[in-house]
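Below are two complexes that have chain A in common, paired first with chain B and then with chain C.
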Partner chain A sequence: MVGRWLEVNMEIQTLSPLILSIALPLGFSPIVALFGRLLHPRSAGVFATSILFFPMLFGFLLYPAINSGAVVEERLSWIPELGLTFTLRLDQLSYPFYLLITLVGFLSTFYSLRYMEHEKGLGSYYSLTMMFITGMIGVVLSTNLFLFYIFWELMLIPSYFLIAYWGTGNARIIGFKYFAMTHVGAISLLAGIVWLNSLYGSVELDVLRLILEGGSPAMLGIATLIFIGAAVKMALFPLHTWLPDAHAEAPTPISVLLSGVMIKTGVYAYARIIGGLMPAAFQQALPVVLPLSVVTVFWGGMMALVQTDIKRILAYSSISQIGYMVFGLSVQSSIGLTGGLLHVVTHGLAKSLLFMAAGSIMHSAGERDITKLGGLMRPMWFTASVFLIGGLSIAGTPPLAGFFSEWMIFAGGFQANIMSYTILAILGTALTLGYYLKAFMYIFTRGEPRAAIKESPISMAAPMAILAVVIILAGITTPPITGIINMAVAKQ
Partner chain B sequence: MQFLMMLEAWLIWLLPVSAAFLVPGLIKLSRRVGELFSVAVVAVSALLTFTLIPRVWGGKSLTVDFAWISLPGGGSVRLGILLDPLSVIMALIATGIGTLIMLYSIGYMSHEEGVGRYFFFMTLFIGGMVLLVTSSNLLGLYIGWEIVGVCSYALIGYYVNRREAREAAIKAFVTTRIGDVLLLASILITFASFNTLEFSELRKVIEDGAAAGHVEMGLLLLILLLAFGGAMGKSAQFPLHVWLPDAMEGPTPVSALIHAATMVKAGVYLVARYSFTIVPFEHFTTAQLSGWYTVIATIGGFTALFAASMGLVSNDIKRVIAYSTISQLALMFTALGIGTAMGWFGGVFHVVSHSIFKALLFLAAGAVIHHLGTNNIDAMGGLRRTMPITFYTSMVGVLALSGIPPFNGFFSKDIILGALLENGVWLPLLFVASASILTVVYSFRWLSKVFLGEPRHHSESHGHAEAPRTMTTPLIILAALTLTGLPPFEEYLYHYIGIHEEVEVPAITYTLSAGVVASGLAIAYVFYIKRLWSPESARQGPILARIHALLVNRYYIDTAYKLVFVDGFTKLSSIVRREVEEKVIDGINYAAARGFQRLVEAIRYIQTGSSNLNISGVAIGLIILLLILLVRLSGLA
Partner chain C sequence: MAELVPGIMSIPILTLLLGAVLVSPILMILARFLKAPKIVGVYATLVLAYALWQSLTARPGTLTARFSQAPGSIIMADDLTYYFTSIILGIGLLSAVYSLGYIKNRSAEFYTLLLVMVLGMVGVFFSGDFVTFFIFWEIMSISSYLLVAFNYREWESVEASLKYLIMSSTGSAAILFGLSLLYGLSGTLEFGELSSVLASQSARFELWNIAALVLIIGGLGVNIAMSPFHYWLPDAHPAAPSPISAMLSGVVIKTGVFAMIRVFTLLYPAEMYGWSAGLMALALLTMTIGNVMAVFQSDIKRLLAFSSIANIGYIALALSINTPLALAGALLHVLNHAIAKALLFLSAGCIIEASGTRNLDELSGIGRRMPLSAATYSIGAFSLAGIPGLNSFVSEYAIILAAFSAGQFLPGAIMLVNVIIGAMYHLRVVQVLFLKPETGKSSVSHEARPVMLAPLLVLAALCVLIGVYASPFLSIVFQLASVPK
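On to the complex of A and B.
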């Protein structure tokens, strides 16, 4: 069995899956837009979904190679004059992110088919979604910071249009706020990259890693600039205010991508560039980063407690959870780092599930204010179950996936001997539980049962079912992905 | 392949946990099949547990496990089963009593809709509890601990249309979660300090470390106290007891399951496990860990009296028994907190006794509620004639709870009192003795109000109103089981656990027990049996009226918690949102945006489109550039 897997795996590598997983969605995105215009709008969605299936498939097929410790790398010569090569690399650190992006990307696009069916301009919608996903894939596969930055922007621009044109509420203003704020972050990131390049004449991660091993006087400045770039993307307190607006008002499948996946690229940047290249600066920054992460946990949690808009609750919850990831990554202990990276995946799955459930509630009940909802337990028992599974997982309740990443984060905290912060962080899980249970009560159990409301259609329920099953199984079978993350942690 | 050899050990929790997921589907197909299936699964699990008894008889223990989660640096967390007398007896309670409660549920829930959810969570609940008590390490224990928490949340809130039920469910889950935070902290500090979570390894590491001086007693004490914090949440000890009386909003068999077979026993189990396996008496003297033991005994003793006092005034048939549970659990903690083998044996013995008589009392209460449709004991009475089986079995339960021989409560309580006397733990002893007097009083008050006197209700059926057989059979079995405290059984339990010390109850204990029971009975006789003096007239006095109000309002603790932790925290969050999030943080963003806009407004006049201005601008710029260049070049030269 394993032999056969490896064989398939060798074959798949001759296909250059990494280049394909960027080229396919990017190359086909104009065609998808054309499809939407010329043929039936729905065909654009079907086409986009089938294209996005492939990067996910590659992710699954590459699992044995990555799990055996191999690194998949593909190279094209790009601008030889500048010494830039187009190199994509999937290693143990980027693999969890890659898998999360492609899996959630595929599922949320599939979910869009039904959820977005009455919207206008679907061709462009799917086309932009594909570019957005390509940008995220590119960010985690890049091996030089120049390419990294290009993909970072490729991720921002389509998502701005998606929010501004298909969003709800004051979409144009919110889209603009999103664009402006994250762009300030991107500029800070760019400044850091340029500074690095001017000092060392290279933007290749491998080269920089060797150079920076000796330490550098300007490192703290560079690290700060890059950290601000990553922190804005992650929405770390106090740079978080773009997130609740954007995540709540984006069309739901895009909220899934934003909250489930996109903010994790900030975590990736933090882990890859700051954690990987500048461990010394990383250590110096801890007295600031650690308290910030704990404040973020509570800030997001408290705000989530007093929101009444279902998507805003989820958005603030994402802020709070980002606090946990940053905490895990920052505690300077290998188990904490493993936990932080694992939490990227477990939170990504659960938050995607929760946004889909929120979309399903809005789709069926036509209402998003939890004080006006209620009585949906009977008619929407499926959505209720998956909502509870997602919420409990994020609140760190075993045997769901979220618990396994959270206990490792906390164990790391104790191992690094930062007792008080860690106990506070654990206490945060009680707050998380509080606001999820409150939301669950308001949406589902309170009030008279509303029999007239119908459960959402199969094509929306299927992605939710898949995510819920993965969350339950990932709790029981943590080893597969944890092993890969452990290897990544060992290399850091 | 060791895994397969001990398959039955795995199955006792794996079977209910996995079968639970089939139950809703089966119930959808055929309700009867689904219900019987879930009862059968728990029964099989109970039988399997029973067959494990010979393997652990006399204190033998064995572990089966496998590597589960790999950790960075090559270590791993294991998933395993620890079989020893303690885990097997706890599993037997969960599955054995659980089976009876499940059987009873079929009758009790017969008029309810949506029982798929009910039987799913009941089965999962039992499976989770077995996982908790049989896990060979702290992580597995914590997983079971939380499964139990989730199931209790879902079952307490089973009647989703009732506001009290919904709120009680959240209250239970979040309050116990506060305890869980402490337990998780304890577990993870343990892991960070000793690098293992296995019970057996922990004992060795701590022992060697303490001998060599690596392990600080302060750290060990912190770990143990945090763990006890977790136990306080799950087992509803003061000040985390508030969730338990409200948990009565669930269906009655759920209350029975929570109180008798699962959940609240988890905390007692945890403390018993620590003092049995991790820091056993043989290796750590009570004096070394006196801080820990004193806290347990004192909190336990205090809670015993505190909860019993509230049981005196409640008018809800289930809440009286709920307060009694808090009080009896506290008794078990007090026993464990003595820190001797005899105290430990008394505590565990009382877990067994309490499971039996408390399940009996709850199920009897359920039969009454099922018949009358009310929980108010002031609207009951006279059921002695119409519900004879329920009455006589309840009577047995009350006698056992009050500690009257020959029922099991007497024997286990006797050992606890004996151990307290022998070790001179005076303050807890005082608490426990007074609590035991109150126990007799509230038990007989309950019995009298529900079954004796004239009917104060308007029930249509004046003749025979006994519950269906699926409900009375468990009652009869449980009533018979209350005789298991008698000497041969006590001996068996003693040899089964394999304690090395002699357990001898000093003669003076009997005097104390008799005194306690006699004074309790005397008060009950005056107020409730003969009603020579009515409690209503007694509380006319200003002091007693005030005490009564204090007790009825549960010492205002629930009100205070809600005010501070629920409303207060929400209010704080709202204020922070309004004043900081929206005004300051968002405000800075908007101020930056406005400032930028103003800057742009100011400089946009440059771009007027007037060519004269533009060209002169370009010219000025060019001149400045040339000047800079000149200066640089001259500088170089």
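On to the complex of A and C.
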């Protein structure tokens, strides 16, 4: 059995799975749009879902290789004039992100099948979703910053359209705000990349890493520019203002992708470029970044506590949790770094689950204001239980997955001897628990039971069930991903 | 006596000279007589296609031909010539194909004028001395005035054409005055001889020589719409028929860029004449004015016209940095902007023709009725917005990289800010076309005819191709930029 598994794994590597996981969704996205126009809209959704199944499958099949410490790399020649190759690489740092993106990408598209069925222009919707997911996959696989930036913007354009066209409320203005802020951040990132390129004549991460071992005086400026780009994407205070609007007003499957996955690419950029390439500048920036991360934790938490819109609570919660990830990555201890990266995965799973649950509530009850909801415990017991699982996991309740990542983040803080910040961060979890329990009480337990409301259909419940099971399993066993993250941390 | 250089018969300029000057007037009269104006259009398209084929398959290397001993008779062709010629002929060909569906009245005159305009531009690229240069320059300019005023029953076109004529003639006069000064100083107007005369130290400190440089650059600055000489462009480009707007914004202003490259690299080396700082200041002013003004436009073609001014600013900035990388970036941006801007004006032409309005407020939601035109428009808009994966990003990246590499951090940063502003107004139009609710005018529009859509699809495919696989194009421009001066 094991032998057969390894054999499949060897075969999968000869298929160039990384190039396929970019090429399949990107190449088929126009065809999906065509399907939606010519055939039934649902066929576009089914087709998109089945295409997006493959990157996830590749992720699972590559697990043994990555877990054994190997790196999967695929190279094509591209622009020799600028010294660029089209090289994709899946290593231990990018693997958790890759897995999260492909898993949540597949599940949220599956979830869209029923959730979005009454919307217009579904062919384009699925086509743009595929491009959006391709952009995220590309960001974590790129080995040079030029390619990285291309995928970075490929995330932005489709997601802008998804928010502005299928969003709720004042979607056009919110979409524009999202685009404007994120694009300015991207240009800042680009300025940093160009500056690096002009100083060292290369944008290949490997080459830069070798050159930069010694550090240089201009590094702080470059690091600041790149950090701004990453911070806008991950919505770090005070660059977070686009997030509550965009994540709350996007169609729910896209909120899942935005909050569950996309903001994590900012964390990835922070870990890969600043943490990996410029350790000296990283050290110098810590006195600013650490307080910012703690302020982000509290700002997001307090804002979440006073919201009444269910998706807005979740959006502010994402800001707050990003604060934890940045805190973990910045404490300068290996256990904190492991915790920060693990929190990317655990928060990604739980937040996706929560947004799906919120979508399920909106789908069934037709209402998103928690003060007007209530009494849904009995009719929607399944949604209630997964909502509780997601919320408790993010609040760091043992034995759910989020507990371990937060535990490691705080342990890292103490190990690095930054007591006051760590204690503040721990206090922040009380806020997290507060707003999730408040939301749970308002939506489910308070008020008269409403028998007329029906539970969501099975195709929306299934992705939620999968995520809930993963969260519970990851809590009671040591998450299999932890070993891989440990290897990544050792390489940093 | 003409020395017949081998290969002279296969250069595009002769094809165009014969095709435009000799055949097309006869054909025009014939077409009127036969009441079949379409044949001129088909003929012009074929001439342009043949000339483009000649230009693309031209032998590399420099070719100089002198037809008599009189001044002003030198044809000179090098790799730079063929690069620009191919761009102009390519855009010209696609505009001609597009016009087969777009131009309904007086198409016989239209195509004759179009051929003459292309002839003027190509002649500028092939000129080996300033007299030939100036003659073709004026051929290009005069046919442009006429084409801007092609819809002469509309007051807007006539007014814009008149404004264009006055401004551009002033520029031409300045060029001519500069040339006369040069001739008085050196006794020659041939590029080869001038470059050796001007490279001497005594010429460097000659006041009249500096005056000639300033006059020539000022005159060219009017043509490329560099601030503070840009006022004619936002009127002239929108007033013309859409395929002509595509030509004017896409390639006519690039003729001035070509002339600037010739003047700067061949005649007035930056190390001696120190024009970099001045040009850089004007370039930054140009891009900022173009982008900021574009934000406030409610007329889709006027917005595109201001965007052209901004892109000229990027190209001029690259010229002022004057390193091989910057020059390569400028040359690639000439190609990229030509493709993207032609695409934008042609797509906008489809949209405007279908809806009968240029006002962005009335065009809202038209993307639902005209998905192909609006989608190709979006590709062009995203390209010029500097979105990676599309062509303009590569050249903008190269220019900013060149600025940073040359230590010019502030200009590089200003250009970055400009790219952001550009992204904002381009996105605004895309948003209007696709996301806003439909209006009375946009809801009754229908998709354009296939003959108009075909050029759009070709241009959009080029935008994506150069963006994703820039390598062959970069190798061409790097080769051009590294040629020893």
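Please note the rule applied: the second predicted complex is superposed on the first by the 489 of 492 C-alpha atoms of A that agree within 3 Å, B and C clash if a C-alpha of one lies under 4 Å from a C-alpha of the other, contacts with A are read in each partner's own complex, and residues count from 1 in each chain.
Quick note on the criterion: a residue touches a chain if its C-beta (ideal position, glycine included) is under 8 Å from a C-beta of that chain, and two chains touch if they have at least 3 such contacts.
Given the structure is predicted, the values throughout are model-derived calculations rather than measurements.
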Joint occupancy of chain A by chain B and chain C, clash or fit: clash
First, second, both or neither for A:180, with chain B first and chain C second: both
Contacts of A:291 with chain B and chain C, given as first, second, both or neither: neither
First, second, both or neither for A:303, with chain B first and chain C second: first
Partner with the higher number of touched chain A residues, chain C or chain B: B
Which superposed partner A:149 touches (first chain B, second chain C, both, neither): second
Touched partner set for A:457, first chain B, second chain C, both or neither: neither
First (chain B), second (chain C), both or neither touched by A:411: first
Contacts of A:164 with chain B and chain C, given as first, second, both or neither: second
Chain B versus chain C as contact partner of A:195, first or second or both or neither: second
Segment of chain C that clashes with chain B, given the candidates 112-120, 238-246 or 274-282: 274-282
Residues of chain A that lie at the interface with chain B and also at the interface with chain C: 180
Touch list for chain B against partner chain A, complex: 68-73, 139, 142-143, 146-147, 149-150, 153, 157, 160-161, 163, 166, 169-170, 173-174, 177-178, 180-181, 184-185, 188-189, 191-193, 569-570, 572-574, 576-577, 581, 585-586, 589, 593
Chain A to chain C touching residues, read off their complex: 78-82, 146, 149-150, 152-154, 157, 160-161, 164-165, 171-172, 175-176, 179-180, 183-184, 187, 190-191, 194-195, 197-198
Chain A - residues contacting chain B, complex: 177, 180-181, 238, 240-241, 299, 302-303, 305-306, 334-335, 337-338, 377, 392, 397-399, 403-404, 407-408, 410-411, 413-415, 417, 419, 422-423, 426-427, 429-430, 433-434, 437-438, 441, 444-446, 448-449, 478-479, 482-483, 485-486, 489-490
Sites on chain C touched by chain A in the complex: 382, 387-389, 393, 397-398, 400-401, 404-405, 412-413, 416-417, 419-420, 423-424, 427-428, 431, 434-436, 469-471, 474-475, 478
